[in-house]
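Shared between the two complexes below is chain A, which pairs with chain B and chain C, respectively.
This part shows the complex of A and B:
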């Protein structure tokens, strides 16, 4: 796996094509989020439809519960729409 | 070893001797034999390469791009509409800085459907950043493939070897097929610094805003300018090893000729006989062949044409709404020079119409006789 982020020490080391300096392990996308989905576990029936529909694969299953990985969740709200129990709410970031 | 082979197979042998690792292609006349022979070589293990059959030329170039991105030496070949379909992916290979090498057999664009030669297909790729070498013999076709890999892998840009449909592609000539050991000495294996590698994952060519894109384009121009000296140096080195040297341009009996004829591809071969005959008639004429069209040999053009009395350019192509494309490029290279000669821009041989020694002599005599060009384009041989 990736050793870490590449740091270019000399101008001539810079690649000639645009290239990411690290893998997605380093390139976290959570900061893109304007709205944050929050799961209400009291009403969650663990159907895992949110896990199945998340387009960025950032809902993981931990101890049979769906858990949102906020390091990567971009707040697209697909899970909010797809949840049959309507138990995922959206909270504006920064509030 | 000397063999009698057609231009298409000269491309195949050039790719084989360059030890290409991936070939992806789609058949099109008059190119098909190039990849037919390569697929046979892959099947009987004469060549240790992966042959990828694809559903279009766009996919052929896309497959070459993928293979080149993981560090493989890649080759493809096409013609006319096939090259036009590759256009988007040629831009991609340039931007991604991948030295894919392709052979293009010059075939006029349809409609009407045609399979004969002219240069409009390859010249339509002029502004992509892909190198363009126009060969005038089957020997040069084979040698150019090997040289092209050597140049392209140093500057990280794709390159195209171009030959006339039928006049070279299906014409058999004696070709010295060089020894593999000698080619290996000339052309080292391809080891790019950054590659697609699942063990060290990176994204290539991702979204780049106005703060980064401009510099990447500047670096492409820097690289293709560097190719000019590299082509002359590697062409000279080729001569030392194989006995056949190549450069950006080729002079034939040019010396201090008053009138210079400029031609490319096989017309430049026929023109040698025309020049011999015209000199025997006592006329002060010489020939300059533009071998490399991208990067354009502006420095050589300026050095060799300044202070000449007259220049005649033969274009087997046309930029509709302007003029012949080689004539344009030569005019623009000379524009800021003090002693620039007048330029007669002739268009002839479109769609594979034969261009004979007599036709070429007629063109040169027309230039010698007239005081100034009759227009930006002088049509020769068009029946109206």
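This part shows the complex of A and C:
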């Protein structure tokens, strides 16, 4: 599946059967964010509760650590509230 | 993927919903889809009528889920799923899961005749309704899933909704449906276990998922999961399952319910309610929960003290 945005320039390029050929990954929803969650890895117990409840699927597991993908994080702060060790802090997004 | 000893994941790791989707911040519906697809796996066909998910998925020709998804008209979620099932059966692909995925408007109001028909024919489909208690996609209009007392744009504060919520799970139980259950996004393990159970059953299965909606409920996006759990621990939305329309099982038995006020006061849509009206809601919640416990054959009666 194509990763970039698909734009049909001519009508005849549009497939006859309306079907999806690309993924929404081109849509970097990180631009929606006005607060930024930051994980403090010193206190993180790797319970992966933040990963489990992320509605934007932007927390990925890398080397058994939760890592936030800021390209897609919308800043809903569900992870901040759900973290049992309270080791995710919110900072205001700079311009 | 193999994992070391330090980390144990309570839900499957495979992701079939991608980032970049168009859901609001703190959306419960996205989590519903994420958990459901984790349970169902790749061999699934989704069929989605007009609902939030027809927008969340993204505009043509893009999609954010990694399984085939069929957009259809508002009232046809269940009958299109029946059709897809019949087609797959002809092709000899009986093991593919067919999932009708609709919001509360497309299930409780507009799609109920198609759902009732499919259930009566006992087509081998899974119907999942994610319930955010109004037509959120079109701008928060009341549906028959909107609870008593809630504000919506069509039931403004002065004329807030006076009717109770439709009890669809009991309507489905009256169809003698092989399996029907309620679940909440606050308890993903329970939700995934139920979808897996529904997947194994031959016949129609109906799941009713409680899914918080921060813009529609006027609640904080970070409180979404907390609200989903509070709804269960206040007995506002009990989590239970019914097999063959008879056998009730309460999955989360709440022995000491928390006051429903804790759940209501976090949402702007209930802000106008007076103390008396909140107490009325509290009374109804406990009465219906005790009824449910009785049906499940549990010798337990709960009550909450109303502070005056």
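The rule is short, and it goes like this: the second predicted complex is superposed on the first by the 78 of 95 C-alpha atoms of A that agree within 3 Å, B and C clash if a C-alpha of one lies under 4 Å from a C-alpha of the other, contacts with A are read in each partner's own complex, and residues count from 1 in each chain.
Assume a residue touches a chain if its C-beta (ideal position, glycine included) is under 8 Å from a C-beta of that chain, and two chains touch if they have at least 3 such contacts.
Quantities reported herein were computed from a predicted structural model and do not represent experimental measurements.
**Student:** After superposition on the shared chain, which partner residues are touched by A:18: those of chain B (first), chain C (second), both, or neither?
**Tutor:** Both partners.
**Student:** For A:44, using the defined touch cut-off, is the partner it touches chain B, chain C, both, or neither? Pick first, second, both or neither.
**Tutor:** Neither chain B nor chain C is touched by A:44.
**Student:** Under the stated touch criterion, which partner chain does A:29 make contact with: chain B (first), chain C (second), both, or neither?
**Tutor:** second
**Student:** So which one touches more of the residues on chain A, chain B or chain C?
**Tutor:** Partner with more touched residues of chain A: C.
**Student:** Figure out whether A:82 sits in contact with chain B (first) or chain C (second), or with both, or with neither.
**Tutor:** So A:82 only meets chain C here.
**Student:** Touch check for A:72: first (chain B), second (chain C), both, or neither?
**Tutor:** A:72 sits against chain C, while chain B stays out of touch.
**Student:** A:64 in the overlay: touching chain B, chain C, both, or neither? Say first, second, both or neither.
**Tutor:** After superposing on A, A:64 lies in contact with chain C but is clear of chain B.
**Student:** Following superposition on chain A, which residues of chain A contact chain B and also contact chain C?
**Tutor:** In chain A, residues 1, 15, 18-24 are touched by chain B and also by chain C.
**Student:** Show which residues of chain A lie in contact with chain C when the two form their complex.
**Tutor:** Going by the criterion above, the answer is residues 1, 5-6, 8, 15, 18-29, 32, 46, 48, 51-53, 55-58, 61, 64, 69, 71-72, 74-78, 80-82.
**Student:** Which part of chain B faces chain A closely enough to touch in the complex?
**Tutor:** Where chain B meets chain A, its residues are 95-97, 156, 193-194, 199-208, 212, 216, 219-220, 223.
**Student:** Which chain A residues qualify as touching chain B in the complex?
**Tutor:** Touch residues, chain A against chain B: 1-3, 15-24.
**Student:** Could you list, by residue number, the parts of chain C that touch chain A in their complex?
**Tutor:** Those residues of chain C that touch chain A are 3-4, 6-7, 9-11, 13, 15, 17-23, 25-28, 30-31, 34, 57-58, 60-64, 66, 69, 188, 214, 221-226.
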